[in-house]
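Multiple structures are listed underneath, in structure tokens.
In what comes next, chain A is part of two complexes: it sits with chain B in the first one and with chain C in the second one.
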Partner chain A sequence: MYSEFFKNKSALVGLTLGTLLLLFVVFVPIFSTHYPNEQKPSRKLLAPSVENLLGTDQFGRDVLVRTAVGGRRSLGATLIVIGLTLAVSILIGISIGLVGGIVDSFFSRIIDILLAVPTLVLALAIVGVLGVGFENLLIALVISFLAFYTRLVRSYALSIKQRPDVITARLAGISWTRIILTHIVPDIFRQMLIVATLDLGGIIISIAGLSFLGLGSQPPDAEWGAMLGEARFYFSNAPHLLFAPAVAILLSIVSANLIGNALRDVQELE
Partner chain B sequence: MTKTILKFQNVSITYANGFRAVRKVSFAVRSSECLAIVGESGSGKTTLVKSALGILPKNTKVSGSIKINETEIVGAKEKTLRKIRGLFAGFVAQEPFSAFNPVFSVFDHIAEAWRVHKLQPKKSEIFDSLERSGIENAAENLKKFPFEWSGGMLQRAGIVAVAAHKPEIIIADEPTSALDADRADSILKALRKTDAAILLISHDINLVQRFADRIAVFKNGEIVEMSETESIFENPNHEYTKLLLSDNVHEKYATDKSNPKIILEAKKLSKFYSSNGNKIHAVKRADLTVQTGEIVGIYGASGSGKSTLLRMLATIELPSNGEIFMQNELATSFESNKLFFKEARKGFVMPIFQNPLSSLNKNWVIWRIITEPLEAKHRTEKLSKVEKLEIARKILAEVGLSEIDLNTKPAKLSVGQCQRVSIARALTANPKLIAADEPTSALDARSANIVMKLFSKIAEKGTAIIIVSHNEPLLKTYCHRLLQMHDGILENE
Partner chain C sequence: MKKDFGKSNTTYFLRVIAGRIGQAVLAIFGVSILVWALLPLASGDTAERVLNARGVENPTTLEIEAVRKEFGLNRPLVVQYFAWISKAVQGDFSVSYQSKRPVLQEISERLPATILLAAIALLMSFVLSISAAMISATFHEKFPDRIIQFLTQTSSAVPSFLLGLLILQFVVVSYGIGSVVTEVSIAGAVFPAFCLAWARFGTWTQILRANLLEAAESRYAFVAKARGASKSRILWRYALPNALLPFLTVVGVGIGSLLGGAAIIETVFSWNGIGSYAVQAVAARDLPVVQGFVIFATLIYIVSNLAVDLIALRLNPQMRAMKTNANFI
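This part shows the complex of A and B:
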């Protein structure tokens, strides 16, 4: 599968974009002479120049270095949300899919209730209960995405349980633990990786959107959504403040979608 | 002069991974004639069919010319292909349960043949066509879902959908491999009644002899011989054609049973399922004993309950009534959901499934698949990778696959080879009983004979084998005893 993946054009473009973004967020703050939270009131709202390649914001802070540092937070948070959601959903989904009966019915009804509420609305409600803050935002997003992922993992587990190779393993005396670790988890992980990769864009937007509303990162921390939220007040006289985080979000989503599409295409070929 | 409906001219097809599946093939199908393409699994027949309909995977290279009614298919845009599919060229798939969407009623599926071309489906025409093809109470049955129909009925419904717009050609890819002989005949009769030209792909030589006007013999992506049906059977020219025809001749294959003991006994078995408050009896009554080294064949029509019975005997499903004894110990009983005989989960009984590709983990290499039973928790000896490779090599040699690379994945093997890998995996568990469900239905005649001879060799060493199949001639050749399943009841021969 992996050799076909690296031959796929979408994969190559997506990986290139993703790599460039990663290099940007990792190395720009290291090599820049500006600090992300360093305020210089005399240099506020300046257009892009040699000294400040993407200009300065309302507090005179360098937009380039804040975009890079913000990217660490945005992309890092996205990976944490997706990683936690995958881990928990695989654990719960496989358990209820294999146990079945009343346990499966009970958890399935809870999932149904959670799925009835739109993801962002659910995340808003959870942040409302837990309080504003970046960590609470991530918890809210994990819980919001968990229902869909768990439902998907459960249905994969149910179908893999009936597969002839799993039935054969069972009759041969292979333990359920071994069947789960060698047949079920690897297959489910392969499927869910594609789903997760295609969802990366949505998660980036969710984090940015909720931060834009002031529910995520709090000042002075840099984060793409929060930067967009602040920039909207200065759009008429400093439009450059919007472009940097917006383009960064756009490139992240494009990269994630291209990689996700390529994974799906390669899996279909198999 | 009869019109040419489908024409292949110097067509070669190479997949994206470099594999050349079809090599410079040329043939034509005339109006109202049936041209059958026969050959081994993996010879390229299905690739040919897909190329005619323009449904090969992306990045597959096709050279040459394929024309349906003078419209060029190679390189055609999707818009052009959509106008051909359904209206000029129909397709009947191999496996009807996969071809029908399980969440739509049978009526919706058939009606789709009209709706995709923005036409109104004609209910009366659909009802009449189904009644003419032998499906009674069409109006009531059409409201049901595909899983509530039998394979034969569903295949006939598929033909009604395909023939909706009276296409000039119908391409049928192994349309009867999942059906018993009687149903297979009725399907082919239904196809010929449509008056369309037919391109029939099949590995069933007997069927082809009865229904095709001409036969093209396919090997390794090439046509090695093509002629009128009578001429092929009476005077085959090519060595491969002679080999194919000889594989179809079944002479009684004698096997020896010595010191037989009863390994399995089933008493008053039955199984029913509930659907919308109704009880559907899949198995009404089955009594059976099987001895060590015995090969028992169970044949019957599609939907007679053979597979359900086999699943109960293999303890994959519990019976609704009755008891199963293994080695004289109670294994299952309708009085309890428990499996009493612990050995049934220690490799005592091993299954062989109909579709070999789906019964192997496609992400694992062959040696790992074959040696998986050695990881069972009741086996205390822990083997190293080198030891497992050696065991895999020995067992593959026993099943006639010594030339296979142990690090290959199932997708690189033919269907027949995959079935032998399944058998190798079963042998690793050292079973007392093998339960084989239609083990040869997906195989060509050569591969089917190889697999059945393998079963005979295994039985000689003392393993009992129960084989469920709709291929009565094959079972008569290789089984010690033959039983018939009819309408859920197991009858003695």
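This part shows the complex of A and C:
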């Protein structure tokens, strides 16, 4: 599977793009002479120059270093959301799929209820209850995505339970714990990783979108969506404030989509 | 015999509707419990939050006590929930912390604006994706198809709020077309609705295109071709109706993301609907409004999905025949 994946053209483009973005967000703040939250009132809304390669914002802060630091938050948060969603959904999904009975129907009803609410509406509601803030936004997104993922893991677990290798292993007297760890979890993880990669773009959009509305990352912290939201009234005078975070969001979604599509294609070939 | 056929069909429809309404009621109850169950996790005191939402920064103990009495916050949470739900089922969703006006009234004032926006956005998404997919299928693997493939990729990479910002910056501000603060009218809805439609355009077109291509390869398309039907007739008359059926399910799911997306787009274009209202309420932690919004959005989502399912059932002769046979047995 992996050799096929690395031969895939869109996988290569996506991986290169993703690596470049990661290098950008990791190293630019280290080597930059500017600090992301350092305000220089005398240098407000300057166009790109040698001193500030991407210009300065409404507080005289360097846009380049803020875009990079913002990327750490945006991309880091995306990985946290997807990682937590995967971990919790695999744990709950496999448990209820294998245990079955009352536990399964109880959790399945909860999933039904959660799935009845549109994802972003549910996330908005949870932020509304917990209060505005970046951590709360991430919790809200994990809960909102959890229902769909858990349902998927549960259905995979149910079908794997009937698979010949699992039945044979059971007949050979191998314990459930070992079967789960060696047969079920790796297989489901591989399936779910594709789903998760295809969802990465959507999660990047949700985090940026809600931070844009002021419901996620709070000033003065840099985050791509929040940067767009805070600068939106200055775009007419300083269009460069629009471009840096916009291009960063765009490239990260393209990269995630390319990798996701490649993973899906490779799996379909199998 | 024919009459019987129709009759069992109607009872089947009624049964489906009744079942789905039952599910919907359960789901909405569940959602209300969920929103309330999260309350203990919220930091800070509810009464203080109410006062903060009303603009009182440092409330005195006296003020806090008054608010506690006003909303009955001294009672246990379960009691508060039952008090709220027994009023909510009668249409009383309590009052907004900020404006002190009834939530139902505030929401129903803004609902028509959101429904107008969503309806136009839905219509645009339909027209755009159906025409794009038809062009793609007609010119399969030729230049127009490649352009549309590229556009669908762009649609999933450019978030709708970003497109909204770009439109505001480069169309509205630069050329003076439309206005920054959008009036609730069909003309004013064009840009925000386009942004919402844009977010759905990519997936919808891709799925419909795949369905069309599959249908064009089918046996009935082959037979039609053998009988001398032109390519466009095969696509329009045979492939499209068959491709639209599975597409309807996607539309149902799309309505959900449309409602969430509306919250963001309404804020970008200052469109006075329930989406932008909910965003303000979330920022101010105006809980009664947030609860009202979730319940209304869920209701709209469930009702529109029910409608989509019924249309799909109505349109699908296979499904009809299968269900009637099942009734016979």
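Things worth noting here:
Keep in mind that, in the parts below, the second predicted complex is superposed on the first by the 270 of 270 C-alpha atoms of A that agree within 3 Å, B and C clash if a C-alpha of one lies under 4 Å from a C-alpha of the other, contacts with A are read in each partner's own complex, and residues count from 1 in each chain.
Heads up, the rule we're going with is that a contact is a pair of C-beta atoms (placed from the backbone, for glycine too) under 8 Å apart; a residue touches a chain by one contact, two chains touch by 3 or more.
Keep in mind that what you see is a predicted model, and the values were worked out from it rather than measured.
Of the two partner chains placed around the shared chain by superposition, chain C is the only one that A:Leu250 touches, whereas chain B remains out of contact.
When both complexes are overlaid on chain A, the residue A:Gly201 reaches chain C alone and has no touch with chain B. In the superposition on chain A, A:Lys9 makes contact with neither chain B nor chain C.
Counting residues of chain A touched by each partner, chain B versus chain C, the larger count belongs to C. Partner chain B is touched in their complex by these residues of chain A: 163-165, 167-175, 178, 183, 186-187, 190, 269-270. Residues 23-24, 26-28, 30-31, 34-35, 38-39, 41-44, 153, 156-159, 161-162, 165-166, 168-169, 173, 256-257, 259-261, 263-264, 267, 278-279, 281-283, 285-287, 290-291, 293-294, 297-298, 301-302 of chain C are the ones touching chain A in the complex. Every residue of chain A that touches chain C in the complex is listed here, in rising order: 109-110, 112-114, 116-132, 201, 205, 208-210, 212-215, 228, 232, 235-236, 239, 242, 246, 249-250, 253-254, 257.
By the touch criterion stated above, chain B contacts chain A in their complex at residues 16, 57, 314-316, 344-347, 349-351, 353, 355, 358-363, 369, 372-373, 375-379, 411, 422, 425-426, 429.
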